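Below is the structure I would like to discuss, written out as structure tokens.
Labels run A, B, C and D following the written order; every chain starts at residue 1.
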Amino acid sequence: MGYRFVNDYAEGAHPRVLELLASGGKMQEPGYGYDSLTARAVELIRRETASPDAAVHLVSGGTQANLTVLASMLRPHQSVIAAHSAHIAVHETGAIEATGHKIHSCVSPDGKLSVDAIMEVLAEHIDEHMVQPSVVFVSQSTEVGTIYSKAELTTISECCRDKGLYLYLDGARLGSALTCPTADMTLAELSALTDVFYVGGTKNGALLGEAIVINKPALKENFRFHLKQRGALIAKGRLLGAQFVALFEDGLYFELAAHANAMAGRLATGLTTQGIPLLVPQATNQVFPILSNQRIAELESDWGFMVWARAGEEHSAIRLVTSWCTPVDAVDAFLDALR
Amino acid sequence: MGYRFVNDYAEGAHPRVLELLASGGKMQEPGYGYDSLTARAVELIRRETASPDAAVHLVSGGTQANLTVLASMLRPHQSVIAAHSAHIAVHETGAIEATGHKIHSCVSPDGKLSVDAIMEVLAEHIDEHMVQPSVVFVSQSTEVGTIYSKAELTTISECCRDKGLYLYLDGARLGSALTCPTADMTLAELSALTDVFYVGGTKNGALLGEAIVINKPALKENFRFHLKQRGALIAKGRLLGAQFVALFEDGLYFELAAHANAMAGRLATGLTTQGIPLLVPQATNQVFPILSNQRIAELESDWGFMVWARAGEEHSAIRLVTSWCTPVDAVDAFLDALR
Amino acid sequence: MGYRFVNDYAEGAHPRVLELLASGGKMQEPGYGYDSLTARAVELIRRETASPDAAVHLVSGGTQANLTVLASMLRPHQSVIAAHSAHIAVHETGAIEATGHKIHSCVSPDGKLSVDAIMEVLAEHIDEHMVQPSVVFVSQSTEVGTIYSKAELTTISECCRDKGLYLYLDGARLGSALTCPTADMTLAELSALTDVFYVGGTKNGALLGEAIVINKPALKENFRFHLKQRGALIAKGRLLGAQFVALFEDGLYFELAAHANAMAGRLATGLTTQGIPLLVPQATNQVFPILSNQRIAELESDWGFMVWARAGEEHSAIRLVTSWCTPVDAVDAFLDALR
Amino acid sequence: MGYRFVNDYAEGAHPRVLELLASGGKMQEPGYGYDSLTARAVELIRRETASPDAAVHLVSGGTQANLTVLASMLRPHQSVIAAHSAHIAVHETGAIEATGHKIHSCVSPDGKLSVDAIMEVLAEHIDEHMVQPSVVFVSQSTEVGTIYSKAELTTISECCRDKGLYLYLDGARLGSALTCPTADMTLAELSALTDVFYVGGTKNGALLGEAIVINKPALKENFRFHLKQRGALIAKGRLLGAQFVALFEDGLYFELAAHANAMAGRLATGLTTQGIPLLVPQATNQVFPILSNQRIAELESDWGFMVWARAGEEHSAIRLVTSWCTPVDAVDAFLDALR
């Protein structure tokens, strides 16, 4: 059986993450995020985001992060604007609605939300018979691997500030967005443009863990109550702290993401060389080649991937995801198999 | 600084847990609990509970388990009956209410719920102007370390079946309950008496993890939807699977719990020998000595513990919790310090 | 100032409704829907719908009915499929999401939901990472005044039964749908095709009131708990009972709706005669003429209506709604004003 | 069959209420509370409460008012403090919990909440593992007919302001509280002591209707969104407006309440004269005589009342409620029947 390009969480954690996790096992530490490793992780993230006043909280997963953050931001009558392919809109089993809030799903072929789409939602929601759009949700990178440029995110950020909306960025795949060849934004710049965002660890070499960064002062208050209420406050917070220390103390986070991007780039180049079209141009660690359904059926017996979308009668796009530890040999073997 | 008897999650995980966690790091596995380690953990738990048809799901923490299970069991107008000191009633920041449900808090000096208390709630809730009590919630061991005997749990179980109530048991400290000297029930017997329960790992040597066991067929259906919606479906499920394999493949779970109980027993014996009274008789890994407030103030500079409750004008009960790795020397040093 | 064609609830109630409401003022009756007038209304509605076993509950408004019914039908992970213009999707301030459930908004130019749209939602929601679509929501007549034919509703009903979905019909304007010239379905036939629906009184001559009709046995159980929990159980139920008795004991409900339709038909004929195009063909008590923005601005000073949608650069569609007591003179005067 | 002393909503509405309701039936009015009758009612209530800046909203019932107001006041992690017999705690089918919030039920023999009880809840809720108590809920009069004196309500109000809690008063039976012989507070004084309260119409001569009065500026904002979301925005708001105009334009509200109180006083005096003890001293329109169970059984065939609570082995307290139109003859006949 060949490599599984199904997702970026199929492997365990990077050895340095595991090593730090295992060290000091019997040492006693305060619980619920008050341990020394979490304190160090928080400092590293504040430094890396150039956000010394940010509130940083570590949680176990992306859905957990999204539902806790959004429920803490919204009053009962308020709603979230997102791209129609957004993780919260499709792949979280109604987690946001379960906290009481509507998501406006805006059609977006490239997975990115535009200011026009935001303005259209605002224009349609004008009185108390309708919800009050209050948070803009974006993902960096998006569900189809595209990224917002600095200019694009700046425009959205300005629109939000102008219209009194909060801007929340889901960074499940933030590493790949920051380190891809077309990236033009640092973590610090991105932090300055958003009210809240999270730095995803699970899909970039951690066992589990996302670091929520809250910049907006009003949103910091009482956030630990929200974490506890949603079951997001881990008793042995050191587990999360250790991982983010390992990822950020020597730049491992960026190295791992860059590797995943390089492997995806190698896939994209190889595919294009073979004349295979891509559904969207490859930018980060996801590649969407369009193949005949027959060829896809043949590949499925040996390789792991997801069939993403139909592309005409006899073709479909598949999704190939690379990870922090995808071997270059696996990429080359897959490209060979396509010849 | 002396040992911290503050809780049973101050240390990391047992070395065998960490070892299994670290093994096979780069091996690819399916996500979200479909990995081979989770499959093995599920089989071990089914065997240990003698519940071959049980649905077993691993989640990251107790509040997570409680809110997901209860929200999956209840219709909007239904409620939960619990002891007034129950974790869900006091220490989960309204997590159950946040899913829409009332908790009936029944006064209980020893932390245990009685059939009389259940019947009283039922007698008071008779029509559609009131909620419909539908689930009975018990903890084994309870918040004050007491345990239900097999006879007591059987009586509650029969009451529930008779009255059409579900019985859910919170096993955050199930290990200590099953291995304490007064225990008269096996895991299999306990499983047969409940509709749903969870086996707590976080407080018994795991880094994090609770194993939810669903016996009632109607409650098994669609449970993974509930897990995902509440943010409880971990991408790298192997993390949880590995820990429960380590805990259950060779009886480590019971060894660790027995150690914690032994340390608490040693504390209780030592305290009693010194003439220090206990708030409730020690049964599991929690001990509640009553000391003068002055003595407590003196101890606080050197030792970790929680002041639990006032006991008259000049005395209070403190809570001492022992864990899977509390050193016997720490216990003896603490007893010495009291002399 | 001319007539206001803004909505169908601008006038009070029909005199026969008010008369019955006022009669027997000091007579004592049981509360919360157990009064004799409600009992009689329930019998009349069961007879009219040929649904002798239906559970019938009277509530104060459409949003109230929708949120109570849908919350009673759905488990936490389940969702509702509706047309994108559906009242629940746009004009209820997120009332359904506030009970925890996602609404799938299906694009529909004529306000009607098709089996194709339902099947597409089902095809996209295949596992526990996504919500589980469980209820189909339709309105008769729709937000743009169109109606489902008997054949169309039968097809949807069969699809629902085939796929295990509930079918719920919002009948805020059911009177106009049943009595319009193109109607081909009786109330009894419509009842047989749905699991739950409501007969709207507020928009057809009552002061307030909607009659929820539950056909599906499993959905009848405990419904009064849901009503009470959502604040929908009116203490003096006679208020609602009296109105539905007045509307249904002598066919007043159908007379009033037919009048509203006749007035809308007169408007549509007059507009068409003048060469003014309609956005959608008029069927019930709503008419959507397309006028130049300048003409609309002129009309606004003298007449009441809503600007519905842009229709090119310089034109818009307006919405004209007729009611149970729109005077024929008002219609003619408006048509004159357009000349 | 004799009179039913079961509740104060068994009769319809006062003739002046019905008369105003019926007048102007065909006149067109804006919907959803923007009509002229509601505007007039709002002005009358502002005047009567001496709260010219208050936001006043009319809704259809008490549960509706309570759930909408409380959900608008609270963030997800916040809770409400109430007496254990409070309507929201017992008789609203978990309506408040269904919006996501815990209610702290404080034991109170006389139905009144004390500052001590509030302080005890605050003392027990100290960190993010517990909910954050944020609103104090009181009823005037209480479920057992007792009232807060001006001094008592002032003390609670000061405590709330001191501790950063909102004070919300449920006035379902506010009329009887304001007009009973022991009343020492005007509506204006009560308004000045609370952040939000409602003036109950349903139990004092209206068909249905409660007037929510919001004094706290921060709580006024966006309240109509909350009303709409909870199904509390009535299309024909005139229905509610007309009733409050009738009740407040000439003091009818106070007359009706005074009558109910007088009838209850007559009952209490008669009972006491016959040597029948009362469970709590009669203050407003509820009387709780203690009778032998045998005598109660005899009375039940001819009279309507509720058996309230056991009082020893062979006796029980029954609840007698008088209303705005309880006839003096009914009271005397009942007293005769007891002889």
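The criterion applied here is as follows: a contact is a pair of C-beta atoms (placed from the backbone, for glycine too) under 8 Å apart; a residue touches a chain by one contact, two chains touch by 3 or more.
All figures in this text were calculated on a predicted structure; none of them were measured in a lab.
Repeated interface, listed pairs A-D, A-B or B-D, reference B-C: A-D, with more than half of the contact pairs matching by residue number.
Looking at A-D alongside C-D, one finds more C-beta pairs in contact between the chains of C-D.
Chain centres here are Cα averages; for chain A and chain C they lie 42 Å apart.
Here the CA centre of chain A is 50 Å from the CA centre of chain D. Chain C and chain D have Cα centroids separated by 33 Å. The set of chain A residues that touch two or more partner chains comprises 76-77, 92-94, 98-100, 128-129, 131, 225, 228-229, 233.
Chain D contributes residues 71-72, 75-77, 99-100, 128-129, 131-132, 222, 224-229, 233 to its touches with chain A in the complex. Those residues of chain D lying in contact with chain C across their complex are 3-4, 6-7, 9-15, 18, 21-22, 24-31, 60-61, 63-68, 92-95, 98-99, 202-203, 207-208, 225, 228-236, 238-239, 304, 325. Chain C meets chain A in the complex at residues 76-77, 79, 90-94, 97-103, 105, 128-131.
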